[in-house]
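The two complexes that follow have chain A in common; it is paired with chain B in the first and with chain C in the second.
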Partner chain A sequence: MLEMLSPFFHLLLFPGGLFALACGLLLKGVDRKVAARLQRRIGPPLHQPFVDLIKLWHKDSSVPETAQSRVFAWAPHVGVTGMALAALLIPIGGVYTPSGAYGDLLVLLYLLAVPAVALMIGGAASGSPFGAIGFSREMSMMLAYEGPLLLALLSVALKVGLATGGVATFSLAEIVRYQQAHGALLFDPVMWPAVVTFLFVIPANLGVVPFDIPEAESEILEGPLLEYSGKELGLFQIMSALKMVVVLGLGVTLFCPTAPGGLLLSLAWFIFKCLVLMVASVTVVRSATGRLRIDQAFSFYFKWPEALGVASLILVLTTRNFP
Partner chain B sequence: MKTFLKKVAAQSPWLYRINAGSCNGCDVELATTACISRYDVERLGCKYCGSPKHADIVLITGPMTTRVKEKVLRLYAEIPDPKVTVAVGICPISCGVFRDSYAIEGPIDKYFPVDINVPGCPPRPQAIIEGIAEAISVWRTRL
Partner chain C sequence: MSSYTIPVGPLHVALEEPMYFRVEAQGEMVVGLDITAGHVHRGIEALAMTRNFYQNITLTERLCSLCSNSHPSTYCMALENLASIRIPERAEYLRVIADEIKRVASNLFNCAILGHIIGFDSLFKHVMETREIMQDVKETIYGNRMDLAANCIGGVKYDLDEERSKYLWQQMERMKKHLDEIYALYCKNSFVRLRTEGVGVLSKEDALRFAVVGPVARGSGIDYDVRQKSPYAAYDRLDFEVQTENGGDVLCRAKVRLREAQQAVRLIQQCVTDMPAGPTCIDTPPEIPAGEAIAKSEAPRGELIYYLRTDGSDIPERLKWRVPSYMNWDALKSMLVGDKISDIALIVNSIDPCISCTER
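Let's turn to the complex of A and B:
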């Protein structure tokens, strides 16, 4: 009986569902606070994202007359579901290892594309020209950053796979186990190009400045989100909070999943690593830069992260230990 | 429980600006409340949002010229309830120096209820933030 219930527990409470949501909102609160302090402002309190979410639940929601109302209403639900499933796959070193039956790195890669697709569908169904512009920009961004993301994931998969005698392993549990035995990949110079590639991908994947081009509020009025209000907008906020945890958690898993031991300590260590990763790759970047144009962002991703990703792949293949 | 949630929700007012034919002076002052670290409006939990559908507190500047009237009324209708309206600057309150012009359809409270007036040409950022704080206390009663 308990065996049957455990997937639901994992999906709804821990590590997916409520835990991931609370974690994501907390991360967002810290992000806003640190960004404000970096600009010498006082900034909102840490629990502000929670408050925003509760507020959105109290507001009216409306569907525009020009929208495809059913698709418009379901798009945020699709996004949240995709991200909740993805949160299920993120291992927490020393606390939680996802069962192989849930999926592996490849499934996670597909699930990571779901929020962007949900935004695109919602924007296209809203019937607003700004939504349509947001749709096309979101699509271009996705084309730009999926390549480097795939290369970074593949480098880690190859590194671990080759070291354990196979070809490439896409099992997340295997990747964590290898690093817990042989030390984190973060400290292996061979993996540094992959680390940098992944760091480059994070801001675009999470849609923050300078790569928040699809949701630019000052030029296309938040694009796909323009027509959403009340609870549906709240669902999109939940989706982006979950995505924050998933993307940062994936980074931690790939490059530094080691744990100090002890349940609570390991959990706190995981959250701390996510925080450090977020401040380094999201907060500092977004408070120091301005928004790029879509063509600049596109060509940037096709030049530097892509090249780094290829370099990392070659590096991993050439430095393997021949038996 | 419900009253507690409403009380919590009142701490997250999102701001939206409508320019009803303003000379841009008040809009610059509004920008300083967000962009200049000395007058940080985000510490009240506020956030300037780009879409009228996300707004809770509406900040209106300008004397409502004939050309923008239809658009302003449409925008105002788009904002979901509950909402609070703040008139920023003397123009939306009494049309200021543009009063009696053939191109002006103001003042703004001919068309929809205004809750808070922040007079000035332009008002100082401190005055705007005080107006927003007042608007939050009004908004709390409407949730």
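Let's turn to the complex of A and C:
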């Protein structure tokens, strides 16, 4: 009986669902506070993202007359569902290991594209020209960063797979187990190009400056989000909070999933690692840069992260230990 | 590829004031532009013809926030030209100080907004924090952060005692360091340069054709500054250089503004040292005869012209002004077409449009 309920528990409460949402909103709160401090502002309190979400939940939402209302209303639900499922797949070292029945790294890779697709559908269905521009920009960004992301994931899969006697392993549990036994990949120089590639992908994947181009507020008025209000907008915020946890949690899983032991301590350690990763790859980056144009961002991704990803793959393949 | 229309404005997060652009775009490229004005018409010119000369000083100060000193000072100059009043020398220096303080604050404001538009909010905060020094100066010397209420017919309404002169000098020394740092930032930071270099180019020929004024003209290599071509107040006795750049793009205009702010700080310091003692205003109320007069000055955005016609009463028969943005905004057509949609707000901001004084 309990075993039948456990997928629901994992999806709705822990580690997906409520826990992931609270975690994501907390991360966003810290991000805003640290960014404010870096700009010598006071900044909002840590719980501001929670308050914002509750406020949106109590507001009416309006649908523009020119929108395709059904698609418009469903797009954020698709995004949230995708991310909730993805949160289910993120292992927490020493606390939670996703069952292989839920999916593996490849499923996660596909799920990671869902938020961008949801934004694209929502923007296109909103009937606003800014939504349409956001659509095309989101599409270009996806083309730009999916390549390096895939290469970084593949490097880790190959590294772990080759070391354990197979070809490439896409099992998240296996990747965590390997690192717990042999030390985190973060400290292996062979994996450093993959780490850097993944760090490059984070800002674009999470849509923050300098790569918040599809939702550029001062250029196209937040593009796809422009026409959203009330609960639907709140759903997009939930989606982006969940995505924060998923992307950062994936980074932690791939490169440093080791845990100190003890349930609460391991959990706190996981959140701490996510925080450090976020401050380094989101907060500091967005405070120190300005937004790029779409063509500049596109050519940037096709130059540096792409090259690094390929280099990382070659490095992993050439340094494997021949039996 | 078929083109589509996007509305920019009249309320747009990146435009500080209401202005409506109907932009024809193909993909990410702007191919056509239609500018519609008239969203903040308040009938101030008509109002000016119902108020007396003194009330109009207060009225013209409220036309616009960022150049709020240029309007009353030019209006007073027109009145003084008409009545052949020679204002005391000390007042001339004090007018320069008020004008230049506003110029520094206005130029920094525009450059800060540039940072915000390119998504570089740390830069925005940094420049605004520096601008806050000027706001403090205004509040300390004039008692207000925006409207200085410095001018009156025949002179100025404030004076600088020893203590305030010293304070002003010290604050300007502080500004110098910050302004040098900010200028270096705009010249060197790769994110600023990636977004602004070669964007919104206005060639010198086009600049002459559209007769643009102020930093927009000087950014396109036109060496025109009212302060030098027809000096007013104390500018003929002060040492400053007109700043020009030849690129004609958004970055050049920002650089011109920042260098002008640096020059303005020097001008204020010169005024504080060179200012002679004496009265700050004529001591008898002036008689304004019937007639016509024109006065012009260099506002932060460019050449500002006031035209005044009187009939011998204490109410102007006609008061009209031509503001710099009126000359500059038509040139947007030349700057925007051929650029990217992502740069629209950036280019519009680069002419520093002041809609509230253009549409009054």
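Everything below uses one rule, namely that the second predicted complex is superposed on the first by the 323 of 323 C-alpha atoms of A that agree within 3 Å, B and C clash if a C-alpha of one lies under 4 Å from a C-alpha of the other, contacts with A are read in each partner's own complex, and residues count from 1 in each chain.
Just so it is clear, a contact is a pair of C-beta atoms (placed from the backbone, for glycine too) under 8 Å apart; a residue touches a chain by one contact, two chains touch by 3 or more.
Just so it is clear, the structure is predicted and the values come from calculations on it, not from any experiment.
**Q** Specify the outcome, clash or fit, for chain B and chain C once both structures are aligned onto chain A.
**A** Taken together on chain A, chain C would clash with chain B, as the superposition shows.
**Q** With the two structures laid over each other on chain A, which partner does A:L225 touch: chain B (first), chain C (second), both, or neither?
**A** first
**Q** Tell me the contact category for A:E217 with respect to chain B and chain C: first, second, both or neither.
**A** Both partners, chain B and chain C.
**Q** According to the stated criteria, A:I294 is in contact with first (chain B), second (chain C), both, or neither; which is it?
**A** Touch partner of A:I294: chain C, not chain B.
**Q** Pick one for A:G43: touches chain B only (first), chain C only (second), both, or neither.
**A** Touch status of A:G43: first partner only.
**Q** A:K59 contacts which: chain B (first), chain C (second), both, neither?
**A** first
**Q** Looking at the overlay, which bit of chain C runs into chain B, 20-28, 38-46 or 272-280?
**A** After superposing on chain A, the stretch of chain C hitting chain B is 38-46.
**Q** Identify the overlap between the chain B-contacting and the chain C-contacting residues of chain A.
**A** On chain A, the overlap between the chain B and chain C contacts is residues 39-41, 217-218, 221.
**Q** In the complex, go through chain B and note every residue touching chain A.
**A** Where chain B meets chain A, its residues are 5-6, 8-12, 14, 37, 40, 42-43, 45, 47-51, 53-54, 56, 80-82, 143.
**Q** Contact residues on chain A for chain C in the complex?
**A** Those residues of chain A that touch chain C are 38-41, 129-130, 132-133, 136, 209-210, 212-213, 216-221, 287-296.
**Q** Could you pull out which chain A residues touch chain B in their complex?
**A** By the definition above, chain A touches chain B via 32, 36, 39-45, 48, 50-52, 54-55, 57-62, 217-218, 221-222, 225-230, 233.
**Q** Inside the complex, what are the residues of chain C that reach chain A?
**A** 4-7, 12-14, 27-28, 115-123, 125-126, 129, 189, 191-192, 194-195, 340-345
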